[in-house]
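Shared between the two complexes below is subunit A, which has subunit B as its partner in the first and subunit C in the second.
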Partner chain A sequence: MSEMQAVTGVVNLSAGDPALAGEIRELGGAELLECIQCAKCAAACPMVLAGFSFFNKKVIHAILLGLREELLDDSSIWACQSCNRCTEVCPREVNPFEVVQAMRRVAIREFALPTLSVEGLKSLYDTGHAVYLAGAGNTRAKVGLPEKPPSTVASKKALQELQTIIRNSALADLGIIPMGETGVSETCEV
Partner chain B sequence: MHRIGVFVCWCGSNIGGVVDVPRVVREVAKLPGVVYSTDYKYMCSEPGQGMIIRAIREHRLDRVVVASCSPRLHEDTFRKAVLLGGLNPYLLEMANIREHCSWVHQNDPEKASEKAVAIIRRAVAKAARLEPLVQKRIPVTRRVLVVGGGIAGIQAALDIAEAGYDVVLAEKQPTIGGKMVLLDKTFPTLDCSACISTPKMVSVARHPNVLLLTCAEVEEIRGFVGNFNVTVRLKAISVDYDKCTGCGTCWEKCPTKVPNEFDLGMSYRKAIYLPFAQAMPNKPVIDREHCRFFTQGKCRVCEKVCPAQAINYADQDKFVTLQVGAVLLATGYELFDWASVYGEYGYGRYPDVITGLHFERMVNAGGPTGGKIVRPSDGTEPKTVVFVQCVGSRDEAKGKEYCSRVCCMYTAKQAHQVLEKIPGAEVYVFYIDVRCAGKGYEEFYLRALHEGAQYIRGRVSKIYPEEKKLIVKGADTLLGRPVEVAADLVVLATAMIPSQDAAKVARVAGISADRDGFFLEAHPKLRPVETNTAGIFLAGTCQGPKDIPDTVAHAGAAAAKICTLLARPEMTIEPVAAEVNQKLCTGCLLCRDVCPYRAVEAKEIEEKKNGVLQRRVVAEVNSGLCQGCGACAAGCRSGAIDLKGFTNEQLAAEVAALCGW
Partner chain C sequence: MKIGFFVGCNTAFNRPDLEQAVRYALPALGVELDNLDGQSCCPSWGTLPSVDVAGWCAVGARNLALAEEKGLDIVTVCGSCYGSLAEAKYKLDHDPELKTRVNELLRNIGREYKGTSQVRLAHYYLDHELGPDRIREALKYKLDGFTIALQPGCHSLWPSKVYFDKEEDTFHPRVLKEMCEALGATVGYYTRLLDCCGMGAMRSADMEKSFHLVEKKLVSMKEEVNPDLLVTGCSSCLLQFDTAQKFLQKDKKIKFEIPVLHYMQLLALCLGADPEQVAGLAETNVRSFIDRVRKE
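Moving on, here comes the complex of A and B:
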């Protein structure tokens, strides 16, 4: 379904999925039902300014109505910048950021995630960084820093620990990214 | 020449922020008769009143003008101050330079100051012509008529009776209890409505100071505050309550079934019936419209089976007259007839589209389904229930402009009950705003949300049947999308409107109603239980939509006001009343026609004309009834009527002063 189709047409509430709200509550959005749609979170959200159709309070409302397909067909939830402003301002302590995160978890389970996210996850597994600038080594050297930053990139032990964690997460069951016993140097141009 | 003192109030910045008060004081000092003028920040305060009292004595003032707010607010305050200064309290004239000047001319201080001077000039001109007036005392009948036996009437009757006064409680239905006794649980505490109202019904019916009249309608109210003469029609019930024991044999054996209005037609009763099991009085009446004996001339089954010989087919309507000192109207509300106008909801053709009151009867253990929520069409349990708010409320095109105040809360309560009683039920509430202003109300709404009620912000545009379901179409304005639900049951929160008889009652009692037909209180904030007709009081939803807590509070307030009126054997009445100069009166009685308070009566007098004794008719004003509106004085063609405190001479002087003649 294209973006245009996702925002037009009659929503059939009877076809909503009543289980979605419960799923979200278990996946981290525990305070979902506290929302009164006051929109204070929306007023603080950069996604709203950027024009995304499903921002925090609207995500919450759609979850409560069980609009699973509508949410999965839309990429908005992946645009959350994790700034946490919504959580700071929410008068009902709903923690809208966590609800958006929980919705991402639901989406991933249905493999409804953008390609870019797969890249990010793969990079996270391989390097310990969701976004890793492989070509930054030269720049670092120019200013007198070691080519590899003192993180998982430089420490094979730390990276292996991280990979162990990821292999024991829900991500492993989904098989979205290959999870070999590989290190940084073999997979990335570090 | 009189010695007039002018006191100009700043009212903080309300007047002083716009009107140049010191300049006004200087200018009004030059007016004829003014010997003293001054100003103060808050003239109504203790020091402000003290200034008036001292000035009267020190400057030997004989008339006082206070330029401040509306006389409705503080005329009484300043009259008391003038009295303390040693003058007759009616030698005060108010000049309203706040509501009539500073508040409406905020953007033009210069002209506002000029206008303030003109308003005071008017008041000074009238003050120079004021005459002392004396309040009259009239006796009070210490007995009250309460019209309407719902929770408002019951509560007020109990409060007044407990204070030691006699009460006549007149209810047009065969039982008291009103609407409250029909409800199931009440928000926000979920206490059972019948459990808290039926004991009150019993208390009021058994109270030694209360005379309960059911099947009673007030036909006429004559007289005035403290001394009303009321005629009540007691409709023929065909059962002698002195003999009847309420045993129930008659309605068991009666062969005629009639839809029961107390269950909104969802169950049947007999032609001789008790409206519901806890009815008070707990004795039956015969519904002559349906009774086989009255319609076909034969049957007499109830008469044959009655062990007490209490059936009396020859019973006739009776009229009783009562003397009372005050009348309390508590005629309640009914629901807006949505089916006649809401075509988009099916004009009442779909049996599974019901009102909130139908839902109450259904969910009530004593109701037609024994407490089960079912679809009226097939008796099955609904899985998806849609509530539609504001049906007839906040809808100027089809219903009323106002908000009915109770629907948000009872809908939340009914949503809770559906979710509680039907496992796995889905509840949708279509709303415009959720209004939960009351103690514990918002919390209750949040509870309904928490229990899973889906609130959809938007009005429903269409309901239509599709197979066994009702398709409800609306828009979710929070989602920004049109939505639809396939519902099993739709519950409409219909508007509260005044009871059918309200217009007749208003006419009989001589009071006004607002444009929606609710009785008009004397002041929306400061006199919420009084009417503009002295001695007629209001309680409950006849004055405007209210929930039970507000109704009970309103009724208690009305009872307290009535007790205050009855506490003394005599009462004083305002001397501002019309007076007929019989020498000038031609007896045309136009004044009688225009008087809204029925205070003018024809009177025959004897007088000598050319040495011959003659009789002729003149008008006479009953000063107990007269409210001082002036309609008669304005209408009188021969100038025979003057309103004390607003005489023709005074008014002419005011006009002249305003126009600068």
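Moving on, here comes the complex of A and C:
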């Protein structure tokens, strides 16, 4: 075995980013340091069953080791179902789901997010719905409903309220989506 | 009795027949619906909850405030809406600093979050407020002799601490089962009952892996229950099970089809609703199931 092969997959502990854990705790993963890597969360996680490379326990471990680039290079965190089995079973009340969400929040601040998430955010801002189908009026009429549900798509004032909230939220500072005055138009199915 | 009906994106735009089922079934049982005019997305997990806690909770709090202003609880049929709204509420009610920040955001639009309305999932609301007996008495059609498999849905169960309506043991849930039994059906247990369906973020991120989960579930319920119908407690699970089966058949992963309905659709049908209006958008063959029920 050559020297290069021997070090493949070995984590250089002194190369980790010690600031990452602090960012995660600031962005919602407050109980991160309570984790003892017992893996009850992994045993309950649908992402493990489906075969994703990073899942709750491993994400937490990588954060504690400061492996920022490895986490940003892998899109697994965006497949988390937010099902909260992990939160339910965690004996240390780490709330692993919230740590995964916090890792998404770190990734978004480095613009490492999937296109579908950008589209979902844009659709939320433009229509008030993350999932919006422009042609749904016909389907709704077919089952005897008004073409628009009683939501932001049927009320300009309600949409403006929502847009005001979003324009004053952290999303506005990140510049991921344009935030002008908009009308409801395009389809978004995420 | 009156509640605020929170429709949610997928129900309003993908499966409005489910929306129509709620608008039929709840009034038929004496529950009046308020539209919560101006409601928005909950917001769903991949949007503001993935950006920051305050933005997530502010949009959730605006939806909650619409119900609070009318003195109503919120009722939804979507697990994601249920989870996102209930988790936002839990955070707001347990973190005074966050509540202050969120109310600053709401002040710009002339609203305030107080914490007076509860977030309820439709069949849990019915179980808690009416109970199975009142439902049994109102039925026009009964499901005696029919076998059902269940898909409770992750968000109806976890994290249990944020929900107003509780299961005694979330890993042995009973509410959806008892609500189906109230319709006269036999409910079968299968090993993968509590598995995730794979809809949502996972399906967006990797469809193959998502379908792997739904296939495992379908095979397990087919082998162990062989149901006439699969009943979900969540609109996202409904979409996944109703749309994935034709792909799995095409790939020769399954050689059968199980018709799928949300519990509120099945309830509306048993209360006498027009099948085209409350189940007309199903891709699986629910029509033959409905015809059999109505012939009995």
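Criterion: the second predicted complex is superposed on the first by the 175 of 190 C-alpha atoms of A that agree within 3 Å, B and C clash if a C-alpha of one lies under 4 Å from a C-alpha of the other, contacts with A are read in each partner's own complex, and residues count from 1 in each chain.
Here, contacts are C-beta pairs under 8 Å (C-beta built on N, C-alpha and C of every residue); 3 or more make two chains touch, one makes a residue touch a chain.
Given the structure is predicted, the values throughout are model-derived calculations rather than measurements.
Visitor: Is A:V48 touching the first partner subunit B, the second partner subunit C, both, or neither of them?
Guide: neither
Visitor: Regarding the shared-chain residue A:N12, is it in contact with subunit B (first), subunit C (second), both, or neither?
Guide: A:N12 contacts subunit B only, not subunit C.
Visitor: Which partner chains sit in contact with A:L64 here, subunit B, subunit C, both or neither? Use first/second/both/neither.
Guide: Only subunit B; A:L64 stays clear of subunit C.
Visitor: After the superposition on A, what does A:L133 contact: first (subunit B), second (subunit C), both or neither?
Guide: It touches subunit C, and subunit B stays clear.
Visitor: Please work out whether A:Q37 is in contact with subunit B alone, subunit C alone, both, or neither, and reply first, second, both or neither.
Guide: A:Q37 sits against subunit B, while subunit C stays out of touch.
Visitor: Once the two complexes are aligned on chain A, which partner has more residues of subunit A within touching range, subunit B or subunit C?
Guide: Looking at subunit A, the partner in contact with more of its residues is C.
Visitor: State the interface residues of subunit A toward subunit C in the complex, per the touch definition above.
Guide: Interface residues on the subunit A side: 27-28, 46-47, 49-52, 75-76, 78-85, 87-88, 97, 101, 104-105, 108, 113-114, 116-117, 120-121, 124, 128-133, 136, 139-140, 142-145, 149-152, 154-155, 157-159, 161-162, 164-166, 168-171, 174, 189-190.
Visitor: Which residues, counting only subunit B, touch subunit A once they are in their complex?
Guide: On the subunit B side, the touching residues are 384, 426, 428, 446, 449-450, 452, 454-457, 473, 476, 478-486.
Visitor: For a test of understanding, state which residues of subunit C touch subunit A in their complex under the given definition.
Guide: For subunit C paired with subunit A, touching residues are 7, 9-10, 12-14, 16-17, 19-20, 23, 35-41, 43-55, 58-59, 62, 80, 83, 105-106, 108-109, 111, 154-155, 157-160, 170, 195-196, 198, 200-202, 204-206, 209-210, 212-213, 216, 274, 276-278, 280-281.
Visitor: Where on subunit A is subunit B touching in the complex?
Guide: 7-14, 18, 21, 33-34, 36-37, 57-58, 61-62, 64-65, 67
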